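Pasting a structure below so you can have a look.
Here the chain labels run A, B, C and D in written order, and each chain numbers its own residues starting at 1.
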Amino acid sequence: MKKAMQPDEAAALIPDGAVLLIGGFMGVGSPHRLIDALVERGAKDLTIVNNDTATPEKGVGKLVVAGAARKVVTSHIGLNPVTQKKMFDGALEVELVPQGTLVERIRAGGVGLGGVLTKTGLGTLAADGKPTVDIDGETWLLEKPIRGDFALLAAHQADYVGNLEYSLTAHNFNPVMAMAAGVVIAEPENIVPVGVISPDCVKTPGVLVDHLLARAA
Amino acid sequence: MKKAMQPDEAAALIPDGAVLLIGGFMGVGSPHRLIDALVERGAKDLTIVNNDTATPEKGVGKLVVAGAARKVVTSHIGLNPVTQKKMFDGALEVELVPQGTLVERIRAGGVGLGGVLTKTGLGTLAADGKPTVDIDGETWLLEKPIRGDFALLAAHQADYVGNLEYSLTAHNFNPVMAMAAGVVIAEPENIVPVGVISPDCVKTPGVLVDHLLARAA
Amino acid sequence: MDAKEIIARRVAAEIEPGTLVNLGIGLPSMVANYLPENAHVFFQAENGVVGLGARPPEGMEDPNLTDAGGGFVTAVPGAASIDSAMSFGLIRGGHLDMTVLGGLQVDAKGRLANWIIPGKMAPGMGGAMDLVTGARRVIVAMLHTQKGSPKIVPDCTLPVTALRRVDLVVTELAVIEPTDAGLVLRERGPGVTVEDIKNATAAPLIAEHVPPEMRHLI
Amino acid sequence: MDAKEIIARRVAAEIEPGTLVNLGIGLPSMVANYLPENAHVFFQAENGVVGLGARPPEGMEDPNLTDAGGGFVTAVPGAASIDSAMSFGLIRGGHLDMTVLGGLQVDAKGRLANWIIPGKMAPGMGGAMDLVTGARRVIVAMLHTQKGSPKIVPDCTLPVTALRRVDLVVTELAVIEPTDAGLVLRERGPGVTVEDIKNATAAPLIAEHVPPEMRHLI
């Protein structure tokens, strides 16, 4: 059983310089209260792994605007001009990764695989400097696993064991990131007593989750 | 929308010599009526990919006993003495694969990855003749993708789009096999009208499923 | 009919019943508006749903149900929620029958560039590299020119999205099929001559006879 | 107390509250019987559940809820269904705190053999290779000898399950910890002397002083 904590308590666990996996796609399925608490505590030098940097006013975009990030590993920054400006100014390191490769790299990190062998990116800038592997006469790009010090997840519903359910397009990277970090913090919209969620509805087993955020007041 | 078919109609689609991915773990979560129909039609020379060959009286074990299989690719044959006897007699080819590697090889086949890089099996008989890949000074075993001509799945509940739900330990290999075959045939315990299953409960999207078996009479 | 509507209507005619289709954001997403009723098509939004539906009525939006552009959508009966691993498993694994994407350039080899203008604009590839690499059929839906400059060029000067040759390019002026022999002009836009098309295209076009006007634009 | 009960009770004392544990079929599965109430341990059955519970009352079995041996089980409150990809993701990814497995042989390097006797018996490795490779802690629970022959040997003569050194070997005679220096005798079974243990063991044992009798066998 886990005791639910407040956003500022959770943000205090996360040191400057940490590598964070943060769920969400254009801010949908992102842990907004955790992000606000990180901005509030003035976090610095974070490396943020996320599908996209959303917009300046939303989701991970807020951390970029606040200057909390040293580096982002992401597939898309097109709707956040602040990310692009900081990148062109040299104030922020941006590693652009194809979306399907990004989620598989995180999965590989979480499930103990040595890398991802994909066709995606072969012959493009995304393959620059990366090794390839020939298998039975076919060439595959070898992409390396990604793990975080922390995973910050949004969930639809949790129980106090930490089991998580997700809703509709708010799943996105959350279930995969739950497997790939040293410490996993989940921000559910709702928390129910243990035993209320059917085992078949659980998408992230509670054994993967270290901390739960209390419901919004 | 798919019209549900009878087991003998489904078995008639599957030619001798086909490579079949068959869900189930010790017969739990196996498509029992499809298996019976294949035995009944006297299928031959099948290659069967499955977690285990269950027992002689159950699940995939029945196909082994009936002599329908030329080869099995599996992680465990310990509870089916017929499989072991046929293997030692040279009547059945058995490729033993570590369970976690087996499921990842099938997943790789289903999601378009070139192989699986795992530590499992390194330095054991399971690595014999297989290539390794060195990544940043660490050695990983390279295991190749597996795909089937057909996947035969058991599901808890389906709708007529082919969306599938699974129950408890009857999930096992079914959701992964659903992605890795040319033709996917699902045997659900129950079928409900389209729209009745919540999108969040679907574990296998119906677009992956080609044929549904009608409910047992 | 404006240029974008011509493109969207023509691409809609390429979509087969019973298929799984991914529409890129912007112009490609307009294609869904021109499908017949009962087209029995499932649209995938790569952010997490198979069975994307229309925009919901005002006030009935769900913040947890959006398309890949972040706009509110609905789910059709029989829809399925998918996480990003499943979503790109469908794309990379060959389960996606078709993707329709916008383009900055397409070249004589049929290669697409649509994710970066180095030093100027770097939106990132998002899912585009996986889509072009993995979808069974890739259709590029774009305006024929950008501020008068041809977007169909001998060789992409912008970084390509994938080495894979796309299957069809649909613009307001032409339907072009990249082949081993080069770019083949299959159809002309409404009221457009072959000469008009060649003048607006920087890459060589193969047009052995005068191709018909676009089909299915009613 | 018979030999297997001694082993199961001693292994139970190794299990920490709040952890995720996988018990192999046979003798290892007996360990669950000797945990204190409120041990707050989640058992994984690799066939598909986190939060394995006891055998259900007669007539209340669910054919879709079994352990890895195929026996009917229940699910504890807070349990989660997992497919095989997630199950072995947990195992290989380092999320499993402990596995308890049976053994045919353990050698002086702490390597385990438990999946095949070539030419005679080939059950297959099932999940054992993943479990020994991936679990944070690997405990071998086995009888000290097989028909009088030592199972703890200088070098495995049977094919090994993994190169990884197991963390602890618990038999009815001894608790042995494989280390860089070799096999260290940590505890003696009830009423057993160091001499008894050495006589039943083919590999060298390090026992600098007389180790205590097993703890926690109440």
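As a working rule, a residue touches a chain if its C-beta (ideal position, glycine included) is under 8 Å from a C-beta of that chain, and two chains touch if they have at least 3 such contacts.
Because the structure is a prediction, the values reported are computed rather than measured.
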Comparison of B-D and A-D by number of C-beta pairs in contact, larger one: B-D
Greatest separation from chain D - chain, by CA centre: C
Whole-Å separation of chain centres (CA-atom averages), chain B against chain D: 29
Distance between the centres, which are taken as Cα means, of chain B and chain A, whole angstrom: 32
Intercentroid distance (Cα basis), chain D paired with chain C, Å: 55
Between chain A and chain D, centroid-to-centroid distance (C-alpha), Å: 35
Residue numbers of chain A (touch at least two other chains): 104, 107, 111-113, 118-119, 156, 166-168, 199-200
Shared-contact residues (touching 2 or more other chains) in chain C: 49, 75, 81-82, 85, 88, 91-92, 134
Overall pattern in which the protein chains touch one another (line/ring/star/complete/other): other
Pairwise chain contacts under the document criterion: A-B, A-C, A-D, B-C, B-D
Contacting residues of chain C [partner chain A, same complex]: 45-49, 62-70, 75, 81-85, 87-88, 91-92, 116, 119, 121-130, 133-134, 159-163
Chain A contact footprint on chain B (complex, rising order): 104, 108, 111-119, 131, 133, 135-136, 138, 140, 142, 144, 156, 165-168, 199-201
Residues of chain A that touch chain C when the two form their complex: 25-29, 51-52, 74-79, 84, 87-88, 94, 96, 98-101, 103-104, 107, 118-126, 156, 166-176, 203
Interface residues, chain A side, partner chain D - complex: 1, 107, 110-113, 159-161, 163, 179-180, 194-195, 199-200, 202, 204-208
List of chain C residues in touch with chain B within their complex: 20, 40, 42, 49-51, 75, 77-82, 85-86, 88-95, 134
